[in-house]
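Here's a structure for you.
Chains: A, B, C, D and E, in written order; residue numbering restarts at 1 for each.
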Amino acid sequence: MQRVGVFVCWCGSNIAGTVDVQAVSEALKNEPGVVFSTNYQYMCSQAGQDMIKNAVKEHRLTGIVVCSCSPRMHEATFRKTAAAAGINPYMVEIANIREQCSWVHKDMLTGTEKAIILGKAAVAKVNLNTPLIPGESPVTKRALVIGGGIAGIQTALDIADAGFPVDIVEKQPTIGGKMAQLDKTFPTLDCAACILTPKMVDVAQNENIRIFSYSEVTEVKGFVGNFDVTIKKKARFVNEDICTGCGACVEKCPMKKVPNEFNLGMDNRHAIYIPFAQAVPKVATIDPNACNMLKNGKCGLCARVCAAGAIDYKQKDQFIEEKYGAIVVATGFNPISMEKFDEYAYSQSKDVITSLEFERLTNAAGPSAGKLIRPSDGKHPHTIVFVQCVGSRCESCAEKGKEYCSKICCMYTAKHAMLTRDKYPDTEVYVFYIDVRTPGKNFDEFYRRAVEEYGVKYVKGMVGKIVPEGDKLKVQASDLIANRQLHIDADLVVLAAAIEPDKSARPLATMLTASMDTNDFFTEAHPKLRPVESPTAGVFLSGACQGPKDIPETVSQAGAAAAKVIGLLAKDKLMGNPCVAQSDELMCNGCSTCANVCPYGAISYEDKEFRMPDRTTKIRRVAAVNPAVCQGCGACTVACPSGAMDLKGFANSQIMAEVDAICK
Amino acid sequence: MNNANETLIPKIGVITDVRIDTPDIKTFRVVTTDGKKAFDHKPGQCAMLSIPGVGEAMFSITSSPTNTEYMEFSIKKCGCVTEWLHQAEAGQQITIRGPYGNPFPVDDVFAGKNLLFIAGGVGLAPLRSVINYCRHYRDRYGDIDIVYGSRSKADLLDYKEIIEEWSADAGVRVHLTIDNAQPDWDGHVGFVPNYVKELGFDTNKTAILCGPPIMIKFTLEGLIGLGFDKTQVYTTLELRMKCGVGKCGRCNVGAKYVCKDGPVFRCDELEELPNEY
Amino acid sequence: MLKCSLDKIQNLFAEISKSAKLYLPVDGKDGGASYGEWSEGVEWSGALNTTKSPKDFFFPQTEDLMAFKTAGKSIEIIDTRSESEDFVVFGVRACDAKSFDILDRVFLSEPQDSFYAMKRKHGIIVTAACTKPSETCFCQTFGIDPASPAGDISTWKTADALYLQANTEKGTALLEKLGAILEECSDDAVNAQKEKTAAIMQKLPLKDLNTDDFGGGKTQELFNNPAWDELSQSCLGCGTCTFVCPTCQCYDIKDFNTGNGVIRYRCWDSCMYSEFTRMAHGNNRLTQKERFRQRFMHKLVYYPENNDGLFSCVGCGRCLAKCPISMNIVKVMKKIGGNKGE
Amino acid sequence: MQVNEYKPLIVAFCCNWCSYAGADLAGNNRLAYPADVKIIRVPCSCRVNPMFILRAFQRGADGVIICGCHPGDCHYTSGNYYTRRRMAALFSMLDFLGIERERTRVEWVSAAEGAKFAATMNDFAQKVAALGENKRLEDLRCKK
Amino acid sequence: MQKITREQLIEKASELLANGTVSCVLGWGAGEFGYDVTPTVFKTAEEMKTGFVFSDFCGANFSKYLVAKTQKTEGKILVFLKPCDTYSFNQLLTEHRFDREKVYAVGIPCEGMADISKIKAICGEGISSITAEGDTFIVTTLYDDEPIAIEASAVLAERCVNCKSKKHVAYDELMGEDGDVLDSGRFDEVARLEAMTPDERFAFWQNELSRCIRCNACRDACPACTCEKCVFDNPKSGVENKSPANSFEEKLFHIIRAFHVAGRCTDCGECSRVCPQNIPLHLLNRKFIKDINEFYGDYQAGAEVGSRAPLVNYTTADLEPGEVFNREG
């Protein structure tokens, strides 16, 4: 039991108008633990606060109840007052007798009666309060960015610019991601490479940034401010430090028929390769599945031609352990597989391509050197059909598509259609759509231009079937506005495939104990207010791993994530919220139920040796809450059947005491 | 209703004084609402104190029966009732019922004997009643030796009384010890059982032991080493109790109920009981 | 000897209930019998015995002792006791009837428990002889004859009549009130029934179970028997045996804060519970073995030691039937006593 | 109307981030609801243990309502989803035991929904009042 | 009648004891009357030959004992698991309650266990012998009556009448043939109660629960109730109580207990088996299981190790609590 002081605020007439404050302070005098009770015009004023401070000294108060406005208003104020008076700020409870009493009840009698009950509940609670001290933990001033696409690049650059070291882990041999594969970018139509490659160079040259390319994160331990991460640097059989990226090895490599993933398999590369000319790091990589030397020890040409002597066939995967204060996930997206969409004949005809393949076909550095040709025969296509929402907004086809809108397809299809008409005015371009969604800045104007200036034929309706016949693709579709069936003989069909999170995201989320939605997009800590933070403290989200987004959105989110990381790394110590869960290990069964519901991954388990009362020892698995990670929601406390888990500041006993006080 | 033999229904007691003895022991002075002593008792007997809604617990009465004005209880903080009592202030009412248990045989067995009191920590609380009783009737007893030890000087219960009153009495010898040396202590340092051996008492005494089980065990061994017979040694037991009258069924050791047949046992009697205390 | 024809038995019940509340075993939907208050139409169960023993009437599972009102630092004690009314517990078997002797020695010994004493004073026990003892019965082990039950009034039910005999003043007084329904008769039918029951008794599987190895003064001999480990190994530590037992009398005293005051009540407790002897700083019966041993040592050694050799078991067989793991006093007696009952 | 109008006692558990703020907003906008509704602040609706609800009924509450953020808006991302499952199961169990289903409710009230808060409380209080006193989950010892 | 015999089990156990695979056997120990079986730890084959029993009365679920026994035993414990026991076994593993490495589980088939109280309801008290002959029990009594023949199916324990599975979901070794998950009518009784009016349901439960004596047998026998310290024994929990002082406390205990095991209860039926007052406690658990299946999709606790229980899981499209009742139309 505490020595409680009760302070009833009039809030001018806001409270005193409907609540007899004198009666309230009198009534609360007799509550258990209360040694002092008074009322005053404005408790939150300096004079009111001084009154509290004096009472603390005079009556040796250990707990304070303020009956006033909402705690959301002045709880912080009175906590500071308590601290100034020398008692723990968490020994303060507020009875909300303004918003939830005087303002909603008109009658003085009912208002007063209710105010007394609310006051009693606060007294009952404060009697069970314990002083709480926020935990502190140090911060490792280094950030990890997982994924080296535009999202990761921008985040890394922003963090590095603020002066903090950053590591980028990229699973491909080069950073750049999807953006490096694009031709032009909407709505301004500047070339992707022109705006991306300088940033890649910046990354390479930034002293604060290390790039772990051709690498993966394999283990994450620790918590906000103190992550221990293991990074696997896959063997690329080329010594990165001495390779100059001259390309001599690539030229000489006899193994030339490896499908080039950068061009989505539309042309070939060598067994030793540099993905593209502006790759960063510009270092060769040997594909162990293609290289004869690695497969059967016959060849070794590249080693012979390498002037730098960088080729190392014996290179092994390397594991690097590093500490980080913050982790940014920027694992990006991929178009979904079109294999299952038989109706569009993607597997049957080379001339049915995805939009990303289309990007490569129109890119000057692409397989056709930027010339739009039919992949099957290299001929110039005259009739081109774009199909939007292939696999997106696909409620009925969950097994092959996605229920959500992929967001970027409307714009890039408009871009593709416009560019095609611009460069090849002899083409006829159809776009089939469900809706055209163009809400970004200058987006709708862009789309209108495609229709109005470039004569792209937009048809509202879905393509039902595509049948390759001769060198044509018979497209059967419906025009919902004209309400008729269309039959188009197309030369080329471009499918705007839905996008999905990269496959590496799910295992990564498990490692990070970061939550994901059913589509494997990372969940934000709050969809509106904390959109770039994961619920797991210290884990931030950048780019399409959180949901489909276009480049400008990705870059702004990347910057936002960087700002959050900088904010975190700028601190020397992290002060936790002291109202966190706590497990009584004597009662804990180690059943993991609590860890299952924890949105933050704050609960871990350890095998602990207990001295039993009969002097034997017993090893039991028990839960431990990391106070630096726990946010204090209390989900675990209800999941725990033994009641071992309790929440400080909102303990079972405290809430029950409030219930009792209210109901008596 | 006939309340004559009703023992489960308590009286109201008022705490009139709270004395801080050690960092975790306070001594409470209790009288009835009309300012009188709640009931008469004999040295070594106990009373049930309770706070409604918190619980009831058995405590040995620390004050001597010769004190006819009030009762005192020295209570160590451990468990919910004691924690509640520790934050109580003078004027607080509690409930009290008793007396319970068998007292030390001060008027027959002890009469005319040399007495050796040995206590550790809060174990002095039940002995204080006996010691003060014997001091009050000083002429009925022979020499009195008191060996008392605790963790530190601050943990010595009734230190002032020991120094100012007990030590001053004729024929009373007080031997104090603390577990570890400390700057403001020039007395003996060491555990009670060892100190008893060092002091090496003559066996012409009746020993009364009270303290933690481990202290009792080793002190008893020490006394037997000095030639004492178990029939010469008395101690008290403490087990969980609810009714205090041998009916609720939990404080038994073998066929004996601590609340009714104890808490005072002669060590040879204890030996007859199963080792379950 | 008096008798009442069975077709008039409802009249008998009606007559009894005029002066006192009448409780008797009634069949439940679940197949078990339990004591219920008689009112018109309530039938007396033919079951051998009730699941819960009738000790509940004198020593209820939960019983308020007193109430407190607190205000500031002061406390007021409110005596919630009231003089209880007379009541009749009908159909008590010989074993359960014997259990009251055992409980009396606890609760009526000085200082008397006024709550129990009050109910004993007002309760009239009407027993009923057993005609079909079950395989779980072993009352004869404790010298009880199920065909000759004690109580204030003993009754025997035959195919057509209920025979009654008063044993105490209370019983006589009650029978006098029922005079009109009862008629004098010889005890031939009762004797015939007793003989028949005795014959069945000879066939009971536990008929040879005896207490030779138990009793006061055997503590040292039995306490450290290694068989306790094995016997207690699968004990779940539940309170079933203690709560269905007619002689178990351990209780706890607890406070309940109602929000407007505190009620101090007592409730049955079980020495099988791990909390039973736990104190703030320790527990003298740490493992289930110790708690298990306590229960049986108490019934077979400690209690007889303090009560002139009377055992604290009446052989009603409830624990045999109800223990979730079928561990019981018979198995203990056979194992610990080395008594195979053959 | 009636002289002795029965007043139900209602305990409302409100999550700190949405519903408690919603209640504050109801206050700001002076939207009246019965004084019989007493609010207990919890960090998240998922903090509400079924034991609290039963405790309230034991102590004399006639209705218990839990208010949290709308699904998808939980400050802690998923707390109210757990609330939703737990309370669906618990309320169904109470109903199974024959306890009036109108005595318990879960309602999602955002910080902007002051009007919804007041309307919900008015409606709930009215429904509970129509049921009358809680008899099926009462503890007679706690009645005055 | 059981297809596997006592002798086969003893032979299997002897073999595993002899070759050192296991150090002891957790099995059924014979009692006084043939139907009273006590879980017993056997250390040797000889002990088993004298004390081990396997019959139609071996219903007890041993899984829970593993929590304590694996802590105390050196070496592996052999445990015989009937199909329904394997679900509890898995559930305990899911909750990390014992070390799988310390157990050698032998799955044994089960033809359903008999309920002695059902036999007694037919034959009355005073049973002197029960012998199984084919699908019939021949029961003799102490009262010189004619032996009574009872169809085994007529006295099958409730949980076996509604057996949910004859399939073993965990074992190291299987004796006999494995069965299938069954389509039982185990929710029929729940549905019957659901169809009642609230007043009828209230009356039903009031009558049932009023018999509760809070002996804790249901809790202490329950393989899901393995808490180090139960909230009802913990004075700090705020709900501690020892006796049902009134109808509220009776309900409180059973509601909270059912809630605490909801999603974890494998529906093994031990609670109802051990209840001395024959309260159909399993109906409370089945109500939760039925609801969970209907609200969130079928889920069988213990079907696989590591599955996430429905009440510690969610989807964004879950049913609203308010829709629970509307759903019924």
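Just so it is clear, contacts are C-beta pairs under 8 Å (C-beta built on N, C-alpha and C of every residue); 3 or more make two chains touch, one makes a residue touch a chain.
This one's a predicted model, so the numbers in the text were calculated from it and none came from an experiment.
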Query = If you take the chains that touch chain A and keep only those that also touch chain D, what is left?
reply = C, E
Remark   = Farthest chain from chain B by C-alpha centroid distance is chain A
Remark   = Cα centroid separation, chain B vs chain C, in Å, comes to 39
Ask   = CA centre of chain A versus CA centre of chain B: separation in Å?
value = 66
Ask   = Per the centroid of Cα atoms for each chain, what is the distance between chain B and chain E, given in Å?
value = 51
Note = Residues of chain C that touch at least two other chains are 252, 256-260, 269, 283
Key: Per-residue overlap in chain B, given as positions that touch at least 2 other chains   = 80
Key: Residue list for chain E, restricted to those that touch at least two other chains   = 231, 237-238, 245-246, 311-313, 315-316
Set of all touching chain pairs, with the criterion as stated earlier = A-C, A-D, A-E, B-C, C-D, C-E, D-E
Remark   = Contacts from chain A onto chain E in the complex sit at residues 517-518, 586-593, 596-597, 605, 618-621, 639, 641-644, 652-653, 656
Ask   = Tell me, which parts of chain E touch chain C in their complex?
value = 31-33, 36-41, 60, 65, 117, 120-121, 124-128, 142-143, 207, 211, 213-217, 219-221, 233, 241-246, 270, 273-274, 276-279
Contact set on chain B toward chain C in their complex = 1-3, 5-12, 50, 52-56, 78-80, 82, 89, 91-95, 238-240, 242-243, 245, 247-255, 272-274, 276-277
Note = Given the complex, residues on chain E that touch chain A span 71, 94-97, 226-231, 234, 236-238, 260-261, 264, 308-309, 311-313, 315-316
Key: Touching residues on chain A, where the partner in the complex is chain D   = 70-73, 96, 98-101, 103-107, 110-111, 113-114, 117-118, 121, 515, 523-528, 535, 579, 597, 599-600, 631-635, 637-639, 647, 650, 652, 655-656, 658-660, 662-664
